[in-house]
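Order of writing sets the chain letters: A, B, C, D and E. Residues in each chain are counted from 1.
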């Protein structure tokens, strides 16, 4: 059985999604329990997979037994095994945290909600694990369709935001498909490793260049790069808080992973960096993204809108750090994918707690939040500190790598943009903390009561805070054992 | 907005047409796409799986993992539609409408709690405009069984002719949709209720995934049908052919169920009281 | 044999052309349904008959089965096409379209 | 594969597509979109993709037209542009 | 002259695809009605399917179905059959497009239930008015 773990991480949530959809019509109380047990099982198998990769190196799994260029294969290597673990952790925490809010708001549709939740995780895991370009598209669509549905269940503006997301998402996915078509017409293959073997002969071909451009356009739309970010803030902040945690912390990160995957393992760094010569343009682009995202975040009045714009700046961090093209930058980018998933989850979990109690996330309502909800507010502060980059938390380490990479590559504009956005984040978070600690009026006549969110929403937040600090402390181990092997040797 | 649209499409359109200049010519048998992978499929699909339709062989065997998730996509669409639209709250109506079938007169009856829904002469309807047309009903009643038989033929004959699980499932679902349009949503819900449609689709996807898991239990990779030869008492090649049929049946069930479910939800906007 | 095939095909094409001209030339909804429903069915009958005749040119069981399927298609068209025309006309009448008369 | 027929049908497909996005009555849009799908299906059948053409004939021209009309029936029928 | 004809014949299918993609994108960008946008999205997807099918076509080749009885013995010539791989991929893509259509239509119905219209600019105005009212309440 031990050789089947690569497929089990995808299949367990998938099978359980079917069972949950079934159970939703027969015994709705079981749904949440089934979801959590499925996620625990797949987290267990992903951790075992992580240790297998640690011991033996890359694992190739042939689905339906055909060898790779003809059949579909799964490649678990140093890059994706660790991201899979993070995805599973985020999914588990969101599932535990969501059950109260779901019970309250979506009583009879629980089965469908949790089934789509599990299908979302299935799609993301499949995207991470797969070694076939078209299989990636199919799983991308599973993720997107379940994501549209999950986002559509929110307040009364959610359906409109979700429809906008659907248009942009479909354009993005179709551009990606067009890019694969260009690759297929010039190489005749769909397997990543096979294409990577053919591409060095075709370096002069215009078709390959346009394939690269279309794939990247599609992925930029999907990950919410700055000019194409129009769908992101509304979709994340109008949706139900149980789903926005999951969707916001994972979608953009996995799309960034796909970009890294395509450049490192399909188009090859040699072609992408030295042949096309667009890395300088991309770093400048990322700089613009970071600065614009920071300013837009500064102008928001609601917590979730602000967090959505922070996600846009983080996308700029990772994309810019990766396109710096040196080893330090790539290390920082990959480490920041892991850290950012955890940090975003921490912030969104605490905002979900606030919304569960306060029913609103406008900044006006955050008076005396430290007295009312001490645990959630503490989690929020630590998440914010991690976004800013305060040393014991993990955000500091990846930002350090990005800064030193920018300095090494001589991109001082990116360097200063990073510093600048950290300062803006300081202002953003201290504004809320100030609102929560020092509210001037109404202390006497309006006695604030202790009114914390339920325990099932506090525990995931606590675990996430611990994970933030642990990821900070063990970041050296993660880099030496996994990320260093993931980056090819030609990049120095 | 119009000007922005026109500028965008002119720019990107010229870029895209420029990008086609490097393509191999249309229909060239020697282009890379036609010589690299596809040659293997055309030459080996018959000895490997004994399925004459190469598309079915690739769809359900070489790339069966894609097809499993393709079925899942449509299942997810059904779930999504249900989650977004389904409205369980029932509005209390103080009257109900009945139609006298021979004359077509509609009656509005208050306090109709103890009346039966359907008798030979009277039929319960949901709103005053629901049409009744004997010709359409009779003709569609005549056609629907044939469509269903054709759907089964398409599913079962997918090995030898164009067709397969997905097309057959859609046709099967379309037969029910025709029934629901020409009669009414109320009568089609009596034959396939919402719960039945959902369970049908769940079971369909489960058959596909279950076939894959069975392969895991017999010690080979996921969806490697060759190992099923032990329980089908045949050689691995025929086992693949049989397993493809099995999987196609699952896809057909799932797609038919989801199509019916989607139609119910969209046509009644989630209230299940009146159809198209 | 070939003569009959060509003749039937031409007849079918004639009916289709007449139907198309009728759809353009007739004055209102209900009269347009008349060529759309009738002539298309007739034209389809002739073209399908010619196809099935052409198919059994060299007679064996396989070709005969294909021809039989084509005949089945014609049979189903004969059931569904008038029904569809009837349903459309019925819907038009319910929607309140007034039939055209020469006087106005 | 006869390229003359292919050209004719491709031009018709493009004309129908322009018509679909410029007509104001949404119900006509639904019906015309069915015609678009059917033309597309013919195009694929000419190129030898019988399975895909069959799928498009049953999905695009059949079921999705019904969905589209059902959705238009449940919402509004007119469009401003 | 013959050269130009050859050039056009070898490329016109791809140009048709690009024109259809542009029509789809134009509908998504500049049409206000949501159903129109959904249809534009679908045109975009079918255009990409046409692109793939054009990749797989071959001159003088038949459909990719072998004959069951006599093909066991003699050698199969790959040039006689159309490339089947794009067909398989596009079957999946058609399914994805119909699934997306279903979800989009149900979202449109939900929007209509909430706002009473499908015109995007009117919905945007309504949302803006709602936000303004909210901020006025906040200020008070």
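In the analysis below, a contact is a pair of C-beta atoms (placed from the backbone, for glycine too) under 8 Å apart; a residue touches a chain by one contact, two chains touch by 3 or more.
Everything numeric here is computed off the predicted structure, so don't read it as measured data.
Any chain bridging subunit B and subunit E, meaning touching each of them, is among A, D; the list is complete. Averaging Cα atoms per chain gives one point for each, and the point farthest from that of subunit D is the centre of A.
The chain with its Cα centroid farthest from the Cα centroid of subunit C is A. Among the chains present, the centre nearest to the common Cα mean is that of E. Of the two chain pairs examined here, B-D and D-E, the one linked by more C-beta pairs in contact is D-E. As a whole-number value, the distance joining the C-alpha centres of subunit C and subunit D reads 21 Å. Separating the centre of subunit A from that of subunit E, both taken as means of CA atoms, is a distance of 27 Å.
In whole angstrom, the spacing between the mean C-alpha positions of subunit A and subunit D is 37.
Subunit C has its Cα centroid 57 Å from the Cα centroid of subunit A. In subunit B, the residues touching two or more other chains are 21, 23, 26-27, 31, 33-34, 37-38, 41, 53, 55, 63, 66, 70, 73, 76-77, 80-81, 84, 162, 166, 262, 266, 269. In subunit C, no residue reaches two or more other chains under the touch definition. Shared interface positions of subunit D, i.e. residues touching 2 or more other chains, are given as 1, 3, 50-51, 55, 59, 63, 67, 70-71, 74. Chains that are in contact with each other form these pairs: A-B, A-E, B-C, B-D, B-E, D-E.
Residues of subunit C touching subunit B in their complex: 76, 79-80, 83, 86-87, 90-91, 94. Contact residues of subunit D toward subunit B in the complex are 1, 3, 50-51, 53-55, 58-59, 62-63, 66-67, 69-71, 73-74. The touching residues of subunit A, when paired with subunit E in their complex, are 134, 138, 141, 145, 148-149, 152, 156-157, 159-160, 162-163, 166-167, 170-171, 174, 177-178, 181, 184-185, 190, 301, 362, 364. Across the complex, subunit B meets subunit A through its residues 19, 21-24, 31-38, 40-41, 61-66, 69-70, 72-73, 75-77, 79-84, 86, 88, 195, 198-199, 202, 205-206, 209, 212-213, 216, 220-226.
Within the complex formed with subunit E, the residues of subunit B that make contact are 1-2, 4-6, 8-9, 12-13, 16-17, 20-21, 23, 25-29, 31, 33-34, 37-39, 41-43, 45-46, 52-55, 58-59, 63, 66-67, 70-71, 73-74, 76-78, 80-81, 84-85, 160-162, 166, 262, 265-266, 269-270.
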